[in-house]
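Read through the structures below before going on.
Consider the two complexes below, in which chain A is the common component and chain B and chain C are the respective partners.
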Partner chain A sequence: MPIARLIESIRQKVDDPSYPEIAEWKASHPGGKAIGCFPVYIPAELIHAAGMLPVQIAGAMGNVKLDEADGYLQSSVCSVGRSTLELKIDGHFSGLDGMIFPSVCEISRGLSGVLKRYDPDFPVIYIHYPQNLKSAYAKDYLVNELNRLKSVLENLSGNKITDEALLDAFKLYNERSELLSELAQFQLDHPERLSASESYLLRLAGVVVPAERHNAIIEEALKLLKDSGDRHPVRLRMVLTGAFCERPPVEMLETIEAEGVAIIHDDILLGQRWWVEKLPLEGDLISILAENYLHNTVINPVVFQPESTPCNHTLDIVERTKADGVIIASAKSCHPAHHDSHCIVRICEEHGFPFVRLEFEEDQRVFESTRVLFEALLEARERLPIAGTDKGNNVVGST
Partner chain B sequence: MKAAQIEDRARMMSRLLVERYYRELDAPEFSDRKVVYLFTSGGIGEFFRTFNFRIVLPEINAVHCARAKISREMIRYGEALGHINEMCTYVKSDLGLMVGPPKGNAPFGKIPPPDLVVINHCGCSTYIKWGEALAREFNCPVQIIDVPFLSEDRPTESEHKYVKGQIEELIPVCEEVSGTRFDPDRLQDVLKLTEEAISLWLKLLQYGKKRPSPFDSYFEGVVYMAPMTIWRGTSEAVEYYELLIEQMEQRLAASYSPVGEERFRLVFEGSPPWPTFTRFKTMFERWGAVAVASTYIRVVCACEGLTWGPDNPMDYLADLAAQSFYNWNHLKKINFIENLAKDYEVDGIVAHSVRSCRPISIGQLDLRKYFATEAGIPTLFLDSDIADPRFFSSSQIRKRVNTFFEALDKRRKRAAEVKKA
Partner chain C sequence: MITAGIDMGSKTIKVVILKDGEIIGKSIELAGFESREAAEKAFAGALEAAGIAQGDIEKTTATGAGRKNAPYTEHEVTEVGSDARGVRELYPNARTVLDVGAEEGRAIRTTDEGKVLDFALNEKCAAGAGAFTESMSRALEVPIEELGPLSLQSDASIPMNAQCAVFAESEVVTLVHAKTPKQDIARAVHDAIASRIVSLARKVGFEPDVVLIGGVAYNTGFVDSLERALETKIIIPEDPEFVGAYGAAIIAAEGL
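Showing the complex of A and B:
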């Protein structure tokens, strides 16, 4: 099967808000339970080790109308927050046996409370990750949080999380990290053969299916990609940042790519690529998870890392990948992304990187202004040299 | 008794204390003292006071910009700096003031730049980004006290240890930046003053249970809370709340109500629309409505039922921070407001939602749903902003306020008729 067909087959499935794969998985795992994970990061290893299916909540992508949720959450709440609630109210989460909300921002936090009240019988777990990564007290605190989560999962699943099962889960997710790194490297090295929207779809395939199957999909994709030819025109290579939580519509990326702009690096579905290095396999496994959270977490807008902020990180990536510019794409009403977008703009200006600043919503359907923005960028590039410190080549916009 | 008949000395005193606070921030005699920036929710200023820091609270600056009617201009400066998206308007306003053309020169005082920014991450993640931005702009060190969100009713042992540990870890940092050695005895003394002020403050909040309530816990409460925020751990705060209690006793003896005649008793939830505060106040006053209890004034670290006291200074500080109102979970908040409604015998609840402040606003629609439909307490939901006057639609808000009170009026008349019948 050519790579295009594999990707197309994924596209058919990913936007079904009722998560049909949960039922499929449950049919083949009698008594098995599925746990929804609100973005950005949840230790899926623990869920897997409890014999449960971790399901990444990835929004409704415009496939449900936000009628009911608007009665509970203001319109100033990001779309992924409102659509998650709508999916629950509309019964699309009937396959889920509980949900975990991480401490990304007040939306995740507030939503966990609203859901608890909405359905008191539906297990909702909130987990606070330390923001003070340097504190000597952070590790003990996080070990405690993880143990709390572990025992909740054990109760829900009726299975003990053994060291053996957790170690297997570490190996499985390490394998996934490795495969996804390879995929990211391919996207960077060969954007004419693998576009960001395709890479994104391949990652999206993993939000519901078990990691074993996702790994097999990525493995197959990598094999197919090796033999694939050029399929995408590349006029400009850009880095996309800011879409780490609410996910942008695939069509938004396709609109950008249709202009010949390749996105060689992105932070979409960042939770799947949370660890910088693979997890070590020796020692107390809960302590390993905690330590890695403190010292091996990818730089991102919802973890306080003053020495290496998302702004400096973007600069590093652009320099490392020799990208032609930056796409600062923040979900509408995503305050963490908006705050960082300001300093990323500044860094781009200081270093003369062309940039485009845009806002998206997961249920967005029209991308005309996005197209116009990139057209303008390409026109400007034809008129001006792209490298250097000339501020004139920056294109700022917002859709 | 009419409002004018009892002099509101506490309001005057509060204003003087605010003026003095801003004067001292820039006073030559204090210029050798280093400057620390802190945030209000979970802001344990008394700890930093023992290092002789001058304490700047960026949110308080934003409040005063709004009260001085310059927030729109400051927000515009903030936006000109590139903070263009939808985000907390306090941040835009403060960065506009500090980094924009005024460079910290506000009509209410000159705000010195920070030598240290401490992000007390307690209920609001914007604090992190705000603190980072300030530290970046002023090229100074930034530290964090991460206060886990209360997943249960009270901080767990593990949460407590983590917060306490982080405060202890700040000691050498503060010593280095301030040049002042940590003095545990001084901290204990300061905390004793905090405890004293808190107990008077909590006593004040109880007056709302009286009929008529001698004070308005929202429209007056926000003035009365100022010393609890900016003068924490001082004898000034203690004296202030003593005066306030005295004033409440006087008012009580005179059956005084801040609205003349108390007709409706309310619980107010959410932060005020600062730029249009007076206009907003009038909309309620004309109906004889009094906020006998409110949640906003509980944002200061001063809650009931703390586990620790000044004899265990670090534990006390950690407890004060962790139990701040904005660190409470949704269910705890709803429960608390419901109890307020019962204990203070209110006619209704008003939730003022702030577009750009999500920590406070998220869940308020659900709260309305719960109170209005399940708990049977009439609830009014209003929507504007904390600092940006453009979001305050006077006519729309007035209309909704009037409709709410008309309905309350009818309800009351019906109840009276039923009783009579």
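Showing the complex of A and C:
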């Protein structure tokens, strides 16, 4: 099967907001339960080790009308927050046996409370991550929190989380990390053969299929990609940052790519690639999870790491990848993304990196202004050095 | 060399014909539902004004929101590019271009050499564009061309809180019911649009000279509001809504 056909088959699946794979998984795992995981990061390893299916909640992508959720939530709530509630109200989450929310932002916190009140019989679990990673008590605190989550999951599933099962889960997710790293490297090295939107769709498959199958899909994709030819013209290579939580519409990336702008690095679906290095497989596994959250987490806007902020991280990435510029793409009303966008702008200005700022929503369907933004960016760099002669002017743009 | 620039705006279509850099013909038509037909009509009008035939035009460049649908066009350029080029030709000292059209506002900052350095577009917000003044003139029952002079009669500063044109109309209705003088409401409307354009201008870090183009530049009340908000004098070209088409015609001549 050519790579384009594999990616197209995934596109058909990821737009179904009813998570049909849950029913399929349950049919092959009698008595098994599925747990929804609100972004950005939930320790799926623990859910898997409890014999349950971790389901990454990633909104409705505009496939569900937000009629009722808007009655519960104020308009300043991000789209993924509103669509998650709508999916619950509309019955799309009927296959889920509970949901876990992480302490990443006010929306996640508030939504967990709204869901609890909306359906008191639906198990809603909230995990508190430490805010001060430097504190001497951070690790002990997180070990306690993970043990609390472990026992909640054991009660829900009726299964004991054994060291053996947790070790198997570590191996499974380590394998996924490795495969996704390879995919990201391919996207960076060969943007003419693998576009960001295609890479994104391959990652999105992990939202609708279990990790075992996702790994097989990525493995197959990597094999197909090695034999694939150039399919995408590349006029500019840019890094995209700010879309770590809410899913940007695939069409938004395709609009950008249609102009010849290759996104060689992005932070979309960051929770799938949470660990910088693979998890160690020896020692107390809960302690390993806690230790790695403190010291092995990818730089991101929802974990406060004073020495390695997303702003410095963006600078590192641009310099490492020799990118031509930065796309600062923040989900509408995403406070962590907007907070960091200001210092990323400053860093781009200080270092003379061209950058583009844009805002998106998961249910956005019109991308005309996005197209104009990138057309104008390319035009200014390539075609309209109006009075000068060099083509490297640091043009920036925003909507 | 004779070239043409066609600006396929969301409300109007403008055509400018240049001969060796001089404007020899121009025309404007409402876009309506059949924008291509309207464009052909605008083209015919400009040709007539120039006293030449279609075949005399060597190159045509399209710009504007509907540029993909423009007739007689060899290539296209974004509104950002055509605006910057047109203004550069008219005002070499311009560093900031503000373009407020019917449906969109944009701010462009250029370098000393006239290159585009930064730009910002307003999105999904009629409150920062000409359509807003039109709906407000209907609400106030004042012809659109009288809205500007009317607001200049006011010294009152009434803040409008609504962030959206639809809600702002409700706010205007409330002011009307409260017997607020029409001139004060007109000024409040212009101040509201200006504040959105100023936020775009600040986004790109505006510096003088500031040139305002687009159809809303004809509105003296809006210009007054914008000058007060930016605390700077604004330059208005003679034909502000033709500057994009003019820039496109220059770009056609330069073959960029």
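Operating definition for what follows: the second predicted complex is superposed on the first by the 382 of 399 C-alpha atoms of A that agree within 3 Å, B and C clash if a C-alpha of one lies under 4 Å from a C-alpha of the other, contacts with A are read in each partner's own complex, and residues count from 1 in each chain.
Keep in mind that, in the parts below, a contact is a pair of C-beta atoms (placed from the backbone, for glycine too) under 8 Å apart; a residue touches a chain by one contact, two chains touch by 3 or more.
Quick caveat: nothing in here was measured; it's all calculated off a predicted structure.
S.K.: Determine, under the contact definition given at the top, whether A:292 touches first (chain B), second (chain C), both, or neither.
M.R.: So A:292 meets neither chain B nor chain C here.
S.K.: See if chain A has more residues touched by chain B or by chain C, and give me that chain.
M.R.: B
S.K.: By the touch definition at the top of the document, which applies to A:83: first (chain B), second (chain C), both, or neither?
M.R.: In the superposition, A:83 touches no partner, neither chain B nor chain C.
S.K.: Going by the contact rule set out at the top, does A:272 touch chain B (first), chain C (second), both, or neither?
M.R.: neither
S.K.: For A:137, is the partner it touches chain B (first), chain C (second), both, or none of the two (neither)?
M.R.: first
S.K.: Between chain B (first) and chain C (second), which, if any, makes contact with A:332: first, second, both or neither?
M.R.: first
S.K.: Looking at the overlay, what does A:195 touch: chain B (first), chain C (second), both, or neither?
M.R.: In the superposition, A:195 touches no partner, neither chain B nor chain C.
S.K.: Examine A:109 and indicate which partner it touches, taking first as chain B and second as chain C; both and neither are also allowed.
M.R.: first
S.K.: Enumerate the residues of chain A that count as touching chain B in its complex and touching chain C in the other.
M.R.: 359, 398
S.K.: What residues on chain A touch chain B, complex-wise?
M.R.: Within the complex, chain A touches chain B at residues 71-74, 76-77, 103-107, 109-114, 116-118, 126, 128, 130-132, 135-138, 140-141, 144-145, 302, 304, 306, 309, 330, 332-333, 335-336, 338-343, 345-346, 359, 398.
S.K.: Residue numbers of chain B touching chain A in their complex, please.
M.R.: Touching chain A: residues 81-88, 91, 119, 121, 123-126, 128-130, 132-133, 135-136, 142, 144-146, 148-149, 151, 156, 158-159, 161-162, 164-166, 169, 329-331, 334, 353, 355-356, 358-359, 361-366, 369-370, 383 of chain B.
S.K.: Residue numbers of chain A touching chain C in their complex, please.
M.R.: Residue positions touching the partner: 359, 368-369, 372-373, 375-376, 379-380, 383-388, 393-399.
S.K.: Which residues of chain C touch chain A in the complex?
M.R.: Those residues of chain C that touch chain A are 65, 77-81, 84-85, 88, 110-111, 113-123, 203, 251, 256.
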